[in-house]
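Per-chain numbering from 1; labels A, B, C and D assigned in written order.
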Amino acid sequence: MPDPAILLAGVLNGLLAGGIYVLVAVGLTLIYGVLHIINFAHGSLLMLAMYAVFYLWRLLGIDPYAALPMVIAGSFAFGFVLYRLLIGRYNHGRDENILLITLGVSIVVDNAALLFFGGDTQTIDVTYAGSFVELGAAFLPLPKIISFAASLLLCLILGLYMAKSDTGKAIRALARERQGARLVGIDVDKLFAVSYGIGIACLGAAACLLMPSYYVTPSSGHAFVLVAFTIVVLGGMGSFVGAAVGGFIIGITESLGGLILGEQLGQIGISLIFILILLLKPTGLFGGAR
Amino acid sequence: MTSQGKFPVSRRGFVAGSSALAAGTLGFPAVLRAQPAAVKVGMIHPVTGFVAYNGQQSRLGGTMAVEDVNKAGGIKSMGGAKLEALLGDSQSKVEVGVSEVEKMNEQGVAAYIGCYQSPVGIAASQAAAKYNTPFLIDVGASDLLVSRGLKNVFRLKPGFGVCVDDGIASLGALNKAAGGVAKTAVIVHESGEFGTGTAKLLAGKLPSIDIQAKELIAHDNPTRNFDNIALRIRSLAPDIVMMSNYGNEYMLLARTLYQQKVNVAGFFSILGGGFNYKFVKEMPDVAQYMMDVNHWFNPRSAQAQALKKRVEDGGALFTFEVYLTYTNVMLLADSLERAGTADKEKLTAALASSTFKAELMPYGPTRFVNGQNQGGRPATMQALKGDIEVIAPAEFASAKAVFPKPKLN
Amino acid sequence: MNVPSSWRVPLLATGIAAALAYPLLVPNYLVTVGMLVFFTAFIGQSWNIAGGFAGQTSFGHVVFFGTGAYTSTILQVTYGWNPWLAWPVAMAAGGAVGWMIAVLSFRAGLKGSYFALITLAFAEVFRILANSVPFTRGGLGMLIKADPRPENFQFRDPIWIYYLAFVLCAVSILIAWQLTRSRFGARLVAIRENEDAARALGIDVFAEKVKVLTLSGAMCAAGGTFYAQKYLYIDPSIAFGVDKSVEMLLVSMVGGAGTVFGPLIGSVALTGINEGTRWLAGIVPALKNVQPLSLVVYGLMLILIVARLPDGLMGLFRRRPKAVPRA
Amino acid sequence: MLEVRDLSKSFGGLKAVDGASLDVRRGEIVGLIGPNGAGKTTLFAAIAGFHRPDAGHVAFEGRDITGLAPYKICAAGMVRTFQITQPFAAISVRENIMIGAYLHTGDRRLAEREAEAVASRVGMGGQLDQNGADLTVAGRKRLELARALATGPRLLLLDEVMAGLNPTEIGEIVEVIRDIRAAGVTILLIEHVMQAVTSLAERVYVLNQGRMIAEGTPAEIASDPGVIEAYLGHGAAKVLRA
């Protein structure tokens, strides 16, 4: 057992890592909550957004944080169009077809990225990458603190949007009662596309916040998918608050599991939490009735 | 069509009759030219999937070498026969790699080169063994590759066993020269075949140079976050950090250790996947003073420098995959030259008895024992001021090592 | 199938005859491809029996595959068993894992995507464990010594492993066919269509689901042993990687989930597309160095199939009811 | 034959059924009526094993079946249908009914013959090859009935088999139910509409807000002030009498 100062630092590291997980998971949980589908293209679309951030920086010199609005808007548009043109049009009303389409999209996107961007690892070297805040035994890198704060803020904005705006309310109504929403005259198909778009926009945000401390390759997005699923299940599928809290819990678990059990075995912690939650409380911490 | 062993004649007849048909329908054109038939070389690499970059680099080196051999007049003992590269994608999958072997066998390859990932290489070379076709392992760290008693498998580069031995030797020398400042080490490695094997060997051999391995830390591929490993290392306060992992994790780990101000006398990696020109140029501060024991070209070889320039002029990086595959094609060409035929048995014999001089590499004369070249050895490099310098072995060195590295402020 | 019943027997006989004659007529490469088609159809069918017939969609079927591969390999390499003898044990182990996962998850009442995700998590736990425990040799993987003798489950000529894969596939199709005409199968379909109604009609839903996952697990484990014997090397990411799970689900769904011939047809189509696009990339000079393109085409074909044939390729042969609107 | 004693079931603080009791005797047709949300379906579900009751007992043919799994209760000879029909959409009517018939036989041909016989009993003989998803509302109701019947029950719990049907269809299904009873099956049926019950049932129970408020012949029930109030609101009985 490592000493308490290290454990505390581990908790802080976990919290910071959780910040990014939250964004990825919020997108996933929204798509699941509304569309009841598991988005197999999640990792690939995250990767695509990461390349967008990278090329904005490389070609136009735009700082990843400054690129946030642009990438979020672009990701939203991409998700919206993808749903409208492909997923919504060709699923023939079947969930399993959506699954296959998102799987197909994932294969196409991954390999198109390989074709156009090449396979090598790309990183962004920003001047503040090396800055850090010292807190006890922990050295907290500035980019991770920024990403933590920004991700909280973005989640808050999204939460408010979902709670207050008409579109947000309609989406939540849709998530709860699909037939009902159709009956009261909500344009269900458009809202599905909007929801998918918002889900992908969250990935855009995550990409901006990730790039200063991570890297991108055509397969780098998938690293975040399983952990995002875990968070979504932990928080309760379809629950925003759940995804936020779940993200931090998983971040800390991963961190402490790694410190205590060793990095490799520590990853088991995530999967075990996943299994235990499903077995004991499948609705998750914040999920309503299934 | 080389059918194997005991098999009902009827089928052989079938196959012979149908292979012409198959060739026609499948569009494998029979080469009928005035000049001698080209010698087909099957190159199987993972050019899609997780390690696509590495596979593509290998393919780049391989195709350049084929061009060079042909430009220089082909295989002279075979009447100037040209080499023809058949390019295969293993998709990082064992099944697909084996399927490529079978496909290329139909196309009549004289030898294979591949496969980057050891598991794919193990299965693919096993499949090639059925046809007694030589299989040159260009990249592939596992010693399982050359410990199966397969007569057709050759590996020019050293396995990780040798890399660990050489690494231990050069680290020991450096440490001795520095007055034994390093007494403890932490080993960070990827959890697969390559990292685990390397780390275990390292941990066993470090005591021989008076360094104790305090801990072995395994991590998954991919790892999203190395903050905790950095934290753990800082709390263990070793004198050196040793690493064995693939490109992305290597880079991310190095950057995290730098960001987290992990202050040690040196970073020393064995086959550090990310230790390349891109890394030291894009992150000079992170890379500064990092050391790596790896496959490296001989910096004093004019031919190597010329190839490096050609590759870089083409917009690519001169990574070890490029010149390892390049060199393997050259080894094959040399053996073909000596065998004077593409006959598999004779070619295998020529390879087995090869004394090929790997011009690009800091190797001694080639001598295969059970398929493993005994002359192959890695180099020890250090990143210095945004460039990579060879610091050992001495006869190839381009700079003097800085060890221990200056403390961070 | 909508095929007139008088055609069925001749059609089937022709199919079997063609499959038997095929390896005699084509070069070894295509024999290997044929072997892969049947092998993938076989593990696809193991998925289909649980995922297609009983509607228990799993994302982590590879957990059974890997259990089978590791069980037989450990018995053979570490304990010197004959692989043929180790095969049934591997199947039993796969069945046991299926039973365990089923009991745990169905007792907890998991359905739909919840069940799918828990299987994914189990596969991940098994992968990490295989990477960490000593008896699997961790990340070093396990190598089976090449010793091509039939009594050793290794064959010098690819034709025999082709026939073995064919037999496995045929047996799995027989099992699926039996499901379409037995009480057990009817109950599985009832469970897939509506669990409450099934329960009301006297079906012990829990027991039937446990049974089917045990059966499916045992079948899939048989595929794992077959794979290990064919390729002679396994490591945690080969044996428990998510790729294989996706492959099983993909061939079944593309072919037509819950149909007898769906996995086979899906496997023929997907393997065909994959080999075909790779072959094209190999011979068209302009495409020589753009291998990823073949996978792009593969992905597009997948989307196209779904867009045009919502019931999978089997939809070409039969009429299925319109989808019930998603509630 | 069926004894329900002081059965209670609540969902998160809301008492859906509160100490309800009822009896069904062999050969009877018994009606259970009550306004919307009275707890009829919950009571049914609790009797048939779909909800475990919080309190009370259910006995079938003298055997305590409280909290037994539905499939066991079905095997014991009591089967329910669903108010919202639950056809197996992707399979044919024949296969739907066979699922029920499989309760007593593992033989496919036997189950098939049984299914065909049951189908003609409920007037679906001509729809055997239609898919469950393609049926009309009336067809689905019949299918519910047929499937349940195929399990060979001695007591049938029918949950609003007439809801959503037009008068002609109701007339037909009433005949079918009579025939079923004539063949020796006891029936407990839930209906929201009182008229439908009066023509069928010998005795009627009335459930309101989870409590059993009346029991008697249809005529007695029709004139019970408590029942009228339950249906039409407080004070309604007085108004009607005036």
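What we mean here is this: a residue touches a chain if its C-beta (ideal position, glycine included) is under 8 Å from a C-beta of that chain, and two chains touch if they have at least 3 such contacts.
None of these values were measured; they are calculated from a predicted model.
Between subunit B and subunit D, the least number of touching-chain steps is 2.
Compared with subunit B, the chain whose C-alpha mean position is the greatest distance off is D.
Put simply, the chain nearest the middle, going by average C-alpha positions, is C.
A separation of 43 Å divides the Cα centre of subunit C from that of subunit D. Mean C-alpha position of subunit A lies 31 Å from that of subunit C.
Rounded to a whole number, the gap between the C-alpha centres of subunit B and subunit C is 34 angstrom.
Here the CA centre of subunit A is 48 Å from the CA centre of subunit D. With touch defined as above, residues shared between interfaces to two or more other chains in subunit B number as follows: 47-48, 52, 191, 218, 220.
Contact with two or more other chains is made by residues 128, 131-132, 292, 295 of subunit C. Shown are all chain pairs that touch, namely A-B, A-C, B-C, C-D. By the touch criterion given at the top, residues 57, 104-105, 108-110, 113-114, 116-118, 120-122, 124-125, 128-129, 131-132, 246, 250, 253-254, 257, 290, 292-293, 295-296, 298-300, 302-303, 306-307, 310, 323, 325-327 of subunit C touch subunit A in their complex.
Against subunit C, the residues of subunit A that register as touching in their complex are 32, 36, 38, 86, 89-97, 99-101, 103-112, 114-115, 178-179, 226, 229-230, 233, 237, 264-265, 267-268, 271-272, 274-275, 278-280, 282, 290.
Residues 1, 4-7, 10-11, 14-15, 18-19, 22, 26-28, 47-48, 52, 59, 63, 86-89, 91, 93-95, 98-99, 102-103, 105-106, 119, 122-123, 126, 129-130, 142, 144, 148, 150, 190-197, 218, 220 of subunit B are the ones that touch subunit C when the two sit in their complex.
Interface residues of subunit C, counted against subunit B in their complex, comprise 24-33, 36, 128, 131-132, 138-141, 143, 145-146, 148, 156-159, 231-233, 235, 237-238, 243, 275, 278-279, 281-283, 288-289, 291-292, 294-295. Within the complex, the subunit B residues that touch subunit A are 47-56, 191, 217-220, 222-225, 227-232, 234-235, 247-248, 251-252, 255, 258-261, 274, 278, 282-283, 285, 317.
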